[in-house]
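The two complexes that follow have chain A in common; it is paired with chain B in the first and with chain C in the second.
Right after this comes the complex of A and B.
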């Protein structure tokens, strides 16, 4: 009964589908095709812009190169703040990829007119609108901080679980599970909530009134990308520092 | 879907999001109030305070969002349906 929510108005502007996907069958697996299409689009856009910006690198940057240098500076500062002056450099690419992918995904979901492209079922939205994407990103973060900890401190990394007292062992172990859980749910919930809210408002009033909410959505989705990247960097930094 | 389960799920979803909004609402109000006070005392630190405030507001918002996720699961992906 409640499986899908279809909101139709006269011009088909507001159609909202939750839990309906465009399935591709690969092997024995059902995969969500619409997420793949949009994430390939996002990845291609990022790679394309990075490629274009680095073709003619000049000493005094202008245009696209300027923008990308600003982005790099921003990400480097973020990583430096969280991981620390000495260790941050190898983690800039990882943190930067997380930030840029999530940021461009969130904004692509809101800004690209996906409704113009028809797919057999489901709808094209931000890739981060699907729990699988966000869980994948969060698990990558988990792997990254385990790797960082092991690499820096070897087996001494496990000492972290019995610090400050061995009584906290269960809580410390639990923390390894709650970190990816909260990371993924936070991102997924925020993006989905934003799209649902915009969808419902467009259903009620199709023109102009939803605009402030859409702008707010752009703002929160940018903040969510920042938070995901900040937390990933903070976890990596925390795993590397000896207590 | 069994009508009892359907109605229970709808009520549970409403309770989940409604109750989950209380705590973060209070927390965000506190944080924003303190930030305003901080800016009033020290207007030159406004940029830094604003950045920290936005980041921590987003953390608090996440708690409501967890409630929302539970509500959405109950409505659209109900395991008992």
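Right after this comes the complex of A and C.
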């Protein structure tokens, strides 16, 4: 439990809460409600835009279709660069959903005025602001690259642990743990730090001064989404090609 | 007023009844993973597949149109070259025809001229001949008349004298 120190009367717009969660109980299990609320918002936004963009697919794209084709081209290029021309196609949905979900989550956390919606405890923030989300995405990435490696090379996949030399076996095994750890903590830390920094600055100087930091936050949010997706694709590509 | 600062102090002193904090891992994690997979499946069905197909089809269409266009361009260039060649041939042929016609015409003109000159010469000759004949006839007649006249003169002279 966290101690909360109220220096002054808590304003509705400028309160900073860290580590407080809005608990839902489902079948005796605790889950973080605020994460699910915002992630449903993000998923709904993605699905809505995707639905509108592909309602009438035309050869000469316009409007939303153009935008989403641009996004898809970007994702395909990303996957192609990391996984390779021959194998990248089945992985486009995974890498693309990683990128889109993280990107929209981060930006939703920064742009949507969540503080206007009150929940019993905690506050609504980007889903990526919760360690559960980032660890879930990182573990899925681990599963994805194991799956990719086994499907491509069968049991020969294990050979990569003793390559280039068996001496590196412990390090290679350690890598399987450091990869999801670094993935999840990088994303979590960046988004949390950004929201905290903006929150503190808003608390101290509510007008105009936090704007540059907010813009920087948008930039780092986008970069984090790109990094996560790129690294996931790189791990998958690496697992398939071997050393 | 604005300064409602709620600081965190990560002291889990009274954390007995309820978990919390930044690193509170619980059932959110697997549910989030499942939710992500569902989102991936949905987006795959309504975004990646249709748009990917659209992009691939457009690529194929553009590639096809491009190769067709370059094929047509090559054909057009070939046709143009052919036309050029046949045009040059035709020009050459036309020049030949003109030259032949001119030569022909010149020859004909020369021939006609020669014929005309010949005809004129022969006509002149014939006329000359006729003139000569008539002259000779006239001279003969004149001589006859001179003879008869001289006879008459002689007769008259002799008759008067006798």
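Definition applied: the second predicted complex is superposed on the first by the 231 of 243 C-alpha atoms of A that agree within 3 Å, B and C clash if a C-alpha of one lies under 4 Å from a C-alpha of the other, contacts with A are read in each partner's own complex, and residues count from 1 in each chain.
As a working rule, contacts are C-beta pairs under 8 Å (C-beta built on N, C-alpha and C of every residue); 3 or more make two chains touch, one makes a residue touch a chain.
Given the structure is predicted, the values throughout are model-derived calculations rather than measurements.
Student: Determine, under the contact definition given at the top, whether A:114 touches first (chain B), second (chain C), both, or neither.
Tutor: So A:114 meets neither chain B nor chain C here.
Student: Identify the partner contact of A:54: answer first if only chain B is touched, second if only chain C is, both if each is, neither if none is.
Tutor: So A:54 only meets chain C here.
Student: For A:88, using the defined touch cut-off, is the partner it touches chain B, chain C, both, or neither? Pick first, second, both or neither.
Tutor: Neither partner.
Student: Contacts for A:103 in the overlay, against chain B (first) and chain C (second): which applies, first, second, both or neither?
Tutor: neither
Student: Just chain B (first), just chain C (second), both, or neither: which does A:192 touch?
Tutor: Touch partners of A:192: chain B and chain C.
Student: Check whether chain B or chain C contacts more residues of chain A in the superposed model.
Tutor: Chain A has more residues touched by C than by the other partner.
Student: Could you look at A:228 and tell me whether it touches chain B, chain C, both or neither (first, second, both, neither)?
Tutor: In the superposition, A:228 touches no partner, neither chain B nor chain C.
Student: In the superposed arrangement, which partner chain does A:157 touch: chain B (first), chain C (second), both, or neither?
Tutor: Neither: A:157 stays clear of chain B and chain C.
Student: Go through chain A and flag every residue that touches chain B in one model and chain C in the other.
Tutor: Common to the two interfaces on chain A: residues 1-5, 18-19, 192.
Student: Contact residues on chain A for chain B in the complex?
Tutor: My answer: residues 1-5, 18-19, 182, 185-186, 188-190, 192-193, 220, 223-224, 226-227, 230.
Student: Going by the contact rule at the top, pick out the chain A residues touching chain C in the complex.
Tutor: By the definition above, chain A touches chain C via 1-11, 13-21, 23, 26, 29-32, 35-36, 39, 43, 46-47, 50-51, 53-54, 57-59, 61, 65, 68-69, 72-73, 76, 92-94, 96-97, 100-101, 127, 130-133, 135-137, 139-140, 192, 203, 206.
Student: Across the complex, what residues on chain B touch chain A?
Tutor: 1, 6, 9, 54-55, 58-59, 61-62, 65-66, 68-69, 72, 75-78, 81
Student: Which residues, counting only chain C, touch chain A once they are in their complex?
Tutor: Contact set of chain C toward chain A: 1-15, 18-33, 35-37, 39-44, 46-48, 50-55, 57-58, 61.
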